[in-house]
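For reference, chains read A, B, C and D in written order, and residue numbers begin at 1 within each chain.
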Amino acid sequence: MIRFIAWRLLAGAGVLWGAATLTFLVLHFTPGDPAEAVVGGEGAAPTPEVLAQITAEYGLDRPWYEQYAGHLWRIVRGDFGTSYRLHTPVTQAIGEQAWATMELALAAAVTGLVLAVAVALATAGRRRWIRGLAAGAELLVASTPAFWLGIVLLTVFSFGLRLLPATGSHGLASLVLPALALALPIAGVLGHVLREALEEVLDEPFIVSARSRGLADTTVRVRHALRHALLPLVTMSGYWVGALLGGAVITETLFTRQGIGRLLVAAVNAKDLPVVLGVVLLSALVYVLVNLVVDLLYRVVDPRLKEAA
Amino acid sequence: MKRPGPGLWLAVAVLAVLVLAAVAPHLLSAQDPLAVDSAQTLRPPSAAHPLGTDENGRDVLARIVYGTRTSLLLGFGAIAIALVFGGLLGLAAGLGNRVVENVIMRLSDIGLAFPELLLALVVITVAGGGTANAVLAIGVANIPGYARLVRAQTLAVRRSSYVEAAHALGLPGRRVILRHVLPNAVKPVLVLATIGVGTALVAGSALSFLGLGTPPPEPEWGSMLSTARNFISRAWWYGVFPGAAITLTVISVTVVGRALRLRSEGRTSW
Amino acid sequence: SSPGGGAPKAGGTLVLGENGQEPPCLDPHGNASSDGPVATVPVADSLVWFDADGTIEPWLADSWNVSDDGLTYTFKLRHGVKFHDGAVWNAEALKLNFEHMKDPATKSPLAAAYIAPYEDSKVVDEYTLEVRLSSPYKPFLDILSQGYLGMISPKQIKEAPQTICEHPIGSGPFIFDKWTKGQSITYHRNPDYNWGPKGAKHTGPAYLDKLEIRFLAEDATRYNALASGEVDAIDFTPPQNVEDVKANPELGFLSAIRPGHPMSFWLNTSRPPFDDVKVRQALLAAVDRESIIKGVSFGQYDVAQGFVTSSTPGYAAALEGSIAYDPAKAGGLLDEAGWTGRDKDGIRTKDGKRLVAYFPIAANFPAQRMQIAVQTQAAARKIGLDIQLQTPPEQELTDRSNKGDYDMSSGLWATNTADVLWIQYSSENITTDKRRGQNVARLRDAQLDDLLERARQGENPAKLYNQAQARLLELAPAIPFYDDPRPVAYQKKVRDLTFTPAYPSPYFYDTWLEQ
Amino acid sequence: MVKPMVTVENLRVAFGAAEVVRGISFEIARGECLALVGESGSGKSVTARTLVGLTGGGARIAAGELAFDGQDLTALRERGWRKVRGGRIGFVLQDALVSLDPLRPVGKEIAEVLATHTGLTGAARRARVAELLASVGVPEPELRAGQLPHELSGGLRQRALIAAAIAADPELVIADEPTTALDVTVQAQVLDLLAELKSRDRSLLVISHDLAVVARLADRVAVMKDGVIVEQGPTGRVLGAPEHDYTKQLLRAIPAEHTKGTRLSATAPAPPRRPPGEVVVRAQGIGKSFGGRIAVQDVSFTLRAAETVGIVGESGSGKTTTARIALGLSAPDTGSVEVHGQSWAGLDRAARRRLRRDIQTVYQDTLAAFDPRYTVAKVLAEALSVAGVPRRSRRERSVELLELVGLSPEHLSRRPLQLSGGQRQRVAIARALAPEPAVIVCDEPVSALDVSVQAQVLDLLEDVQRETGVAYLFISHDLGVVHHACDRVLVMKDGRVVEEGPVEEVFRTPAHPYTRELVAAIPRLTAV
């Protein structure tokens, strides 16, 4: 077990390095002068001196491998540098935004999973019209863009009923709508996959066998079938972690929440390499850790895997 | 085998209409999707414009009809890219030796760890905006996920007795992979792929939301939806109909896909 | 400002919903975003105040003197002004501010360019500073009244310049509290404040206890936040909601046209097809600006009449109506220009070449501008000109605009002087490897250059700017669409909400809340 | 007369348009054991499942009377069923290998019954679980209770399932093929256990295709065919003096020592036997272990053309492993296997592939051995392509093969899931025959077949051998079958061959104690 975790963490470090390298290469070799980007935008009129200063200060005139090594070495030493665009340390820039995103992603993950599991459990293997209804609802939310869902939620609950605030990231009330907007499409996809899996499991002889012992239907579903059906969800962890972090950008923009999604978009547009590197490393780290946890969970859900490793 | 229910027929009909719209849009709408009329902006549904007009006075129905091709390309194209490349990589990882497997899986880990949005931005930064690149961006972003899934499946299928039985029969290895491993490994992934068509369409509209999707004035459902959000308080029809088009497409694809899958497995469809 | 009686009351918090153009840096000298001034003016006062009629009034400078050659400005500064950190406002402070703007390390995207002619300055005495320019620069004072050139504590500039972006310290009526990035900025009242501008309604501290600027990028969200009472006022009221605002008895509405260049599509005059003035004039005549603008703004915007907005000092009102919608004339002009052939799509051709114009646009292109672009595209098609909208990546866009690789480009430039014409159309301002300029049309016209240069140097600007505007109408380097307004909507309980006329943005010094 | 435990009158069950149980009636008295025997697919399992309300999705049930202990079962709702199932009726499903939740320790499954139907808590429950496992003959019950199904052999799984069924001491136990996965010694133990239940006034409904088992356990027998009971009566009478033709046919078809050399099915006489030819497979000292546990150790044998060598032994003794090594599908740790004088180890890939055509196999698990997407036609065509049969004659040849194994052309379009277990097994045999190999390794080739079909298949195998001189390596836990079909036999225990020799000799005068135990435990119909 310890060896497994250690090996995974080592591989995780490799993933971080790969992601950082990819980020650097991409930002470096795509067109556009970062110096322009830093002070760019409509309404800006940087003087040549300002551009020269930026180029010199950020070492943008050095060969790419030197810059690459520089960034890497800096990060290895634990120094994430200073944002080109915000003129603040990257750790601070990300630190200000990270919690809001985490909060949102966690809330959405929990909501999405609970919804998906609840709906799938309640409807799998039921009458055709119930299944059809549930499947339709799932596909509806899964095929509705998060921003549109968000707008609809806003229009109904904020602007119409005035039940919940439309904006900001303070407190629970302001988390409800964004979390829902982010969670629903994910719940749709997960619920769909889960229900298909559940229906397959509910046909298995061991379910009949469990029923023949006099267990209540709910008990059979929760205690026996659910565990099997969860396996594909676990395999899809990559998908939903990505969907959460990716969807966060849209949701953050729409609900005017803080978050690293928006920070990332702004940073990419401004070629703000230190910030992009920071965000990528953070999200890669989250991915690596989530994956590790998920793999450990996998072993809890499916004990057959324990000895295989 | 049970006869297909009305739901399936409906879904097939919707797909047929979609194909028609993609191939010969002029048969479904007589209006020009690009015909701007500054005097007729954001008009509600009427006889002249059955689904209303947009902010430039264009006919929403015509734009939905003419947008079908691009939208379907976005949905199916992206998933096709993800499936083909993800499938091949996953298969290679599942069948290859440890080195191959490790290289591919670590690369796909990097791909998955790399924010999907950034990946899309990257493709668009490198290749520029536009539908083709949006397809590419979303497709590429989905490759690692599918690769992982296919690999997991391949490993399971590879160990199955029927693959061993095929080997025992004396079939050439290539043929076993092509005829037995590949189809069985990809099968469960197809469940995800049918719904993936929808998520890809949605991802395309998210790109439009960020201004990276299909460039105007070309009609495309996702970008229509994205623009419509600005006018939701004045023109519900502008957002609702393209949204309905997306949802209807996804539901139909899923229903038909499911029926095909069940049939290929020898199970009856719902 | 809002009507109604009653004496102003102190207290309360005002929340303003801003659009999403959150500045990356709150150093007034370090930002160029359109939300910059609204966020920095509460904190940082300016040297002079610009009145709506174009006159310059004292603020942190009591008086000033311009030498005859226009090269030396002598400022007499106000006494008793203190920054929030206790630093004293004096000649040294002003000198440090100028140097801070110019210092490349500040990475100023705008202020440095605005004071480009600044050479150096000399402290004459504690409250007198003599500023020397390298060339005459008539708009110097106008520029100095803009929020982008607000005054920052000399202590902060000297001791901790890297903190200005995050936490600007000025002498303004509000003290900066906290910037929650991506969300809001909060301020509280400066109790010691006693040096409001001449144009203000009262003296002494501001009335509001607290001020919060919240960034609400989505139009629908911003408007609804106001309608539902989540915020007290919103900036950039979406045009589609203005009618609702006006019809709502609980809401007030305040709007000012921003001085400067109207929102326009510039035509690249340095390469075909728009190097031919006839083609430019043809396009100008082919577009029914009236109906387009009415549609996209839901009847809220004024169609631009020329190349500066109607609120800009030096606006040539006499030239109004010179641009007329006349598709027939447009066709004739193109025929004259030799574009007589037609291809199968109905696009004109000449010597086998199609009449195509490339219009690269940015990812975050505002929705409205997109509408105008699409409708312009449709109008151009009717006369046989194919406008192709392209969405290259942001960075490629910058590269292309620097290299002049485009036929059309869009934008506006808000500044409180007709010198905007020099910024936009002087051949000196064509971007080269050495210099970034705003002459997006890449117009090179000796006659215009001469007019603008002379106006800049101070020779009868009123007349010269008039002539320049007339000349531009002949040259047609752009399709001017509308005079950009700054529409603010607010709850009726918000009283005396005003604008800083220099760069119209909400100004809260006089504002109070009726409870 | 005492009220019967179970009363079934005119029971009909239909799935969609197909009526699979067509009006059957029977009663089971307290302390009585009724056995249901009959053709595969005749509706035995459906009847059993109907008694616990788990007939399956889409089933339509009609009955004149369906009562348990005087209670009308047709009137029961979900809540009512819960009390009956597990608590008053214990049920052992047919598919023992897949009837335990693969993700939960088997002990938990048994404890679940106790938790639902008894007041036992915590430690008491654990103790009872161990007791129950011990009572069905599971060694080291505490250890086993904590293990997952896949860590148990098929026989252990079946016993755990039985333990769960009897955990709450139900008044009626329904056991559907309770001993298929068990070797004879364990089978004897389980049968004793069920007999003991009966002695405590519990009722039993046993379904089995093994008439010897039925003979030993049942008081009365009902014979089913095509959804109806064709004959019903006391065991001795039905098995001893059958009245119905089908029953007679069933009884004739049972292979055993006395049937050796005779035809089991009523088909044309076989061609003359060939003498054993040259050696086709030679295994020398093969050994294999999995993660330190020895599965096979020092096994040697030879197989000659036109000869059948049987391997018997308890579950987990290494029979399948030996077969896989012989097939070259898994490499031995020690020793070597030669086919036609060529050692697997010494061949490159292409040569192995060529050699494989000469040695075919029938898998133990027939469902898993077919690509689920393939129709029977495709399965056979693929096998024929390996043999080099040209594309156009493949279909014709497929039909021939199917007819050989007693199936008809209509089965060509079926997929594995659409076939009954017995049909699948026959398709597997057809596939193995297709390339006309020199050797076929048969791993439990007739385990899923009811005796009449089993008879056909055994005859078929023999006919093919006489015609082509193919050699069989024949694995089975059914000693009667082995006795009938094999020339020589290897007896395996714990991975070793403990005894070897001509089948008559080994069974008549077993030398090794284990063999003696095996032979003694063979349930014999003649014992009735």
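FYI, a contact is a pair of C-beta atoms (placed from the backbone, for glycine too) under 8 Å apart; a residue touches a chain by one contact, two chains touch by 3 or more.
From a predicted model like this one, the values you see are computed outputs, not experimental measurements.
With chains reduced to the mean position of their C-alpha atoms, the one farthest from subunit B is D. Looking at B-C and A-C side by side, the one with more C-beta contacts is A-C. If you average the CA atoms of subunit C and of subunit D, the two centres end up 87 Å from each other. Centre-to-centre, using mean CA coordinates, subunit B is 43 Å away from subunit C. For the pair subunit A and subunit C, the distance between C-alpha centroids works out to 38 Å. Centroids of subunit A and subunit D (each the mean of its C-alpha atoms) stand 50 Å apart.
None of the residues of subunit D touches two or more other chains.
Touching two or more other chains at once are residues 218, 220, 224, 362-363, 393-396 of subunit C. Contact of a single residue of subunit B with at least two other chains is seen at positions 125-126, 210, 229, 232-233. Listed in rising order, the residues of subunit C touching subunit A in the complex are 20, 24-25, 30, 32-34, 102, 104-110, 112-114, 116, 162, 165-166, 180-184, 214-218, 220-221, 224-225, 227-228, 230, 362-363, 393-396, 398-399, 402, 411, 413-414, 423, 434-438. Within the complex, the subunit D residues that touch subunit B are 16, 327, 329, 349, 353-357, 360-361, 363, 365, 368-373, 382-383, 386, 414-418, 431, 435. On the side of subunit C, the complex with subunit B involves touching residues 218-220, 223-224, 238, 240-241, 288, 291-292, 294-296, 361-365, 367, 370-371, 373-375, 377-379, 389-396.
Chain contact summary for the complex, subunit B toward subunit C: residues 34-36, 38-39, 41, 55-57, 124-126, 128-130, 210-212, 215-217, 227, 229-234. Interface of subunit B with subunit D (complex): residues 2, 160-173, 179-180, 183-184, 187, 264-267.
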